[in-house]
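Shared chain: chain A. Partners: chain B in the first complex, chain C in the second.
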Partner chain A sequence: MNQPLLDIQEVDASYGPIQALNQVSMHIHQGEIVTLVGANGAGKSTLLMSLFGNPGVTRGEIHFDGTALTSQPGHKIASLGIALVPEGRHVFAQMSVEENLIMGTTPIGTKHVHEDLEKMYELFPILEERKQQNASTLSGGEQQMLAIARGLMSRPRLLLLDEPSLGLAPIVVQQIFSILKEVASGGMTIFLVEQNVHHALKLANRGYVMANGRIKLGGTGTELLSNREVREAYMGG
Partner chain B sequence: MDLSTLLQQLVNGLALGSVYGLIAIGYTMVYGIIGMINFAHGDVYMISAYVTAIVIALLTFFGIESFPIILLGTLFFTILINSAYGWTIERLAYRPLRQSTRLAPLISAIGVSLVLQNYVQISQGARSQGVPTLMSGSFRLEMAEGFIQVSYTQLLIIVVALLGMALLTWIIQSTRLGRECRATQQDRKMAMILGINTDRVISTVFVIGAAMAALAGTLVTLNYGTFDFYIGFIIGIKAFTAAVLGGIGSLPGAMLGGILLGMSESLFSGMVNTDYKDVFAFSLLVLIMIFRPTGLLGKPEVEKV
Partner chain C sequence: MAIDYQYSNKPDSLSSNELLFRIRKSLLDAFITTLLALAVFGPIVGLELDGYDFQLQLKSLVSILGVIFTGRLVASLFFQTSQGEKLLEKFSRKDTSIRVQPLNQKAANGYWIIALFMLAGLMVPFLASKYWITVIILGMIYVLLGLGLNIVVGLAGLLDLGFVAFYAIGAYGLALGHEYLGLGFWSMLPLAALLAALSGALLGFPVLRMHGDYLAIVTLGFGEIIRLVLNNWTQFTGGPNGVSAPAPTLFGLEFKRRVKEGTPFHEYFGLSYDSAYKFIFIYLILFALVWAVLYINHRLTKMPVGRAWEALREDEIACRSLGLNHVLVKLSAFMTGAAVGGIAGVFFATYQGFVNPTSFTFFESALILAIVVLGGLGSTKGVVIAAFVLTVMPEVLRDFSEYRILMFGLLMVLMMIWRPRGLVRMTRSSFQPPQTVRQAMEGVR
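Up next is the complex of A and B:
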């Protein structure tokens, strides 16, 4: 079988004395939608950020399409084709919506910018209405959409999403997941970190469960859902 | 005080304030991007006065006497050399401390300030130096009772400073570099994730600040002539006051704060007392810190997550 697009092998990472990742191994193939679920503090965000060397990986290897990420400075990762939509959105509050989107083009330059802005406004019509507004004036759901669209502006080969449903009303979550489905159907490879296991497994082909910095379990959606521990921990029994 | 004296003080204040504004840009941009007060900034300004004198001496030695060429030549070299200082200081004294406590780079900055002062004092001598007056003459505006006099150099200071500020505003608002600066300022980690080399952006901000200080240093030296190794201290604190007045971290705030401080200092000198003008400026600093620490255009500190 061909090699995975993202290959994480026995990775350790820590914040000072606190070890946040312990022997983490997982992989994603081109075109897959893979989810990672786990309780608060399990180390999910840490795993995503470790791709950008923040925190740095102290042991193990991360390869993206054959390139070792652990030897690259953090700002070089995006240009390899990886976009992260971080937990808490992190839109640039004092920039307009459109400027936020343009910031997303940093790794590839602005040659496709008009075309891609059109695409994003088609995918997220609300952003077109708000394009001149400061991002700080957007609602939480709109900011999440902006963060996703900004991630897509770099035409990534791998989209990393960290809890896109965080703090949003069910209807907005539904909206965002249907847009993600549309993005996925275009062939995008997606790695989705979620606490909302129900939504995550509806979108994903397979998933991993993380606890205390370790991968506890991996498998298809049905396999994970049939696991008693997962049901008890994340689905309320 | 009659109208013409008042206007005269305002014109003087505008020229002085443009200088404060140019220097304040360096304080405010560096604070905006890495949250530190670069106490060595005033001394970078001081360096540019010496470079101005050296370049003028060299140019006249080679027989160049046309004022526009001397002006452009000195501006070119002071900006170049100051930029190198700004870049090097950040690289050597601040970047290695980026992960440590907030206090460490501050102390390092005071150290750099002392190093620059002492090194100039030793290499150039402690006494005050000067450059010859290269441009004299002035406009005279007759008024009902009295007149206003605007010297060509004052006019030059105001025009060049406004051009420099306009250019910088355009860069920050409309270019890729400017967007990268603002992104790094607002959320450094996210900027890195998007592929921005934030270390390079921070270096660039130091270079921009030093270049603006060079602009100020050259203009002032051409205008007033004399300088010594210690001039960076007072003018640095004044420019810092201007940055705080305008709202530290805000670029338009630095310009506005500079001009307001220059004008009020000038009015104070004209109406009250020249000897106490520095006391006036520093009292203003204390008052702003107490009553409006965010300044005129500054935003209240937002906790970053």
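Up next is the complex of A and C:
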């Protein structure tokens, strides 16, 4: 393969004196689903946040399609074609579902909004049923779907997902992952940060395992799933 | 639905047994309330200090308790009738969210109401007495202040407890601009707005990372700093003695009895002198300006920047993940709000003819915040109503001026029970993608 879409090279980042990322290197190619798994506090979310410059990267480089992200201000990054679906959903509670989706077009403007709304309603039929409702009235799973759809509204080239399964019932998690599979089959590049190792590794082409701010392991999803260390650490053997 | 069903099955006439039970329950309610009232009013009203002694004022205590007992009895009897229950049900509904008007549903056409208000407002200065004109001017100044703070607190969700600072900057801007630079009302009006907006940005920068309580404390400090500077920088601001502020002029005509050069307003038009002319003039300018600000406010909420403010209030993390520049969004909210506050300050100064730091205490900030909260965070209509309620009511109820703060408190408590989102819940039309695009899409299909 040629140049990766997202290329992270030996990145360090810290919160004050606490070093959260230590020499993290990874890459994602166009059209891949890559997952990053690891325990709480391993630095997974920090890595996503550092793409947006908060916390700033103290050493190393991040390139997105040849552009250095480290030199861009945070609000410019979304318009490069990266959409982040934040951990804990963060929908606009007092806005209707449709308004939430329209907010998603912020980085690219409303040129394609009608077309894209239709696409999202096709992908998430429940959102169409609820499109006039305030987002605060949705269930957790529906809110997560809304957050994902909102991210997709900016027609990103890379979709970052931070723990989409957080606090959801197993059946809803399954639903979300099957939707992600559908999104990926359309050619979307997805970077998925997850605690739910089993689901994440089954979905992903490749995966990385993170611990204490370092990348410990890397490999294809099935490789990692059968890896004894990973099984012991995350799935109780 | 379940409730309606229950009521419709109720027999029209109650059995005597049930009626007795209801009366007994109401009596019990009234008795408990009276006991509570005795505990509250007993020491305050019932005992009167007389030197080192005290006297029992049984008569007034008993009359107060009597009123409370009968009031509570009537209320609980009423609330047990079907009408009363409906009323209770209506009030107890907790609508704590913002009403969003669906896309295809047009807002009720309120143009004639607006026209009516405009006409009534224009007639006021020619019908009302000078006293009432000044009261309504004060009301409108608070409408401006409320609208300004509403942008910061109601729309952008940034709790600002020092809004009075911008009010002071506007007012002192006019007074000091006149004193040192010889600028009049008309040149200072835009300059003061600009000055206030700049100080809004000055406040905005250090508080960019703050939320909630921390933000409130810093803004509170900012308000106090401005007041203390005005109070203590005696050579420049005149300290506690204050500065006089100029009155507005009509194309250079002044509203004084005698002027040093040129002709005063009343001579030019051949009228006899009346001190009310100045206030009528201020009223008319202010009236026009309030409408202008209302219109701008209305437009802003529909523009991308207004949407961005609301999005910021809802969720900052989501905003940033969508690539909104939160620095710009916050600063624009602070600056727009501050500019409106500054304009209100200019009018306050010109209306009083004099400013000193005692007009810009924390109580003022609290009052403006009360206007915004009482009116309903984010609701323009509500803010206008609340501003008039909180400024005109104390004038109407001058005889009860000792109870003013008590009434404020009572109003707030009642509001929190029945109208937690303010008198008028914020309503806004939902986002609408550009019309042309939709038409084009429909054409394609």
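Keep in mind that, in the parts below, the second predicted complex is superposed on the first by the 236 of 237 C-alpha atoms of A that agree within 3 Å, B and C clash if a C-alpha of one lies under 4 Å from a C-alpha of the other, contacts with A are read in each partner's own complex, and residues count from 1 in each chain.
The rule we apply is simple: a contact is a pair of C-beta atoms (placed from the backbone, for glycine too) under 8 Å apart; a residue touches a chain by one contact, two chains touch by 3 or more.
This is a predicted model, so every value here is computed, not measured.
Once the two complexes are overlaid through chain A, chain B and chain C clash, as defined at the top of the document. By the document's definition of touching, neither partner reaches A:Q175: not chain B, not chain C. Of the two partner chains placed by the overlay, neither chain B nor chain C lies in contact with A:Q195. By the touch criterion stated above, A:Q132 is placed in contact with chain C alone, chain B being left untouched.
In the superposition on chain A, A:V113 makes contact with chain C only, not with chain B. Of the two partner chains placed by superposition, A:N227 touches none, neither chain B nor chain C. Comparing chain C and chain B on the residues of chain A they touch gives the larger count to C.
Of the two partner chains placed around the shared chain by superposition, chain B and chain C are both touched by A:Q94. Across the superposed pair, chain B and chain C both touch chain A at residues 52, 73-79, 84, 86, 90, 92-95, 99, 102-104, 106-107, 110, 150, 154. The part of chain B that touches chain A in the complex is made up of residues 176, 179-180, 182-183, 186-187, 189-198, 302, 305. Of all the residues in chain A, the ones that touch chain C in their complex are 52, 73-79, 83-86, 90-96, 98-99, 102-104, 106-107, 110-111, 113-115, 132, 134, 136-137, 147, 150-151, 154. Listed in rising order, the residues of chain A touching chain B in the complex are 52, 54, 73-79, 84, 86, 88, 90, 92-95, 99, 102-104, 106-107, 110, 150, 154. The part of chain C that touches chain A in the complex is made up of residues 97-98, 100, 102-103, 307, 310-311, 313-315, 317-318, 320-326, 430-431, 433-434, 437-438, 441.
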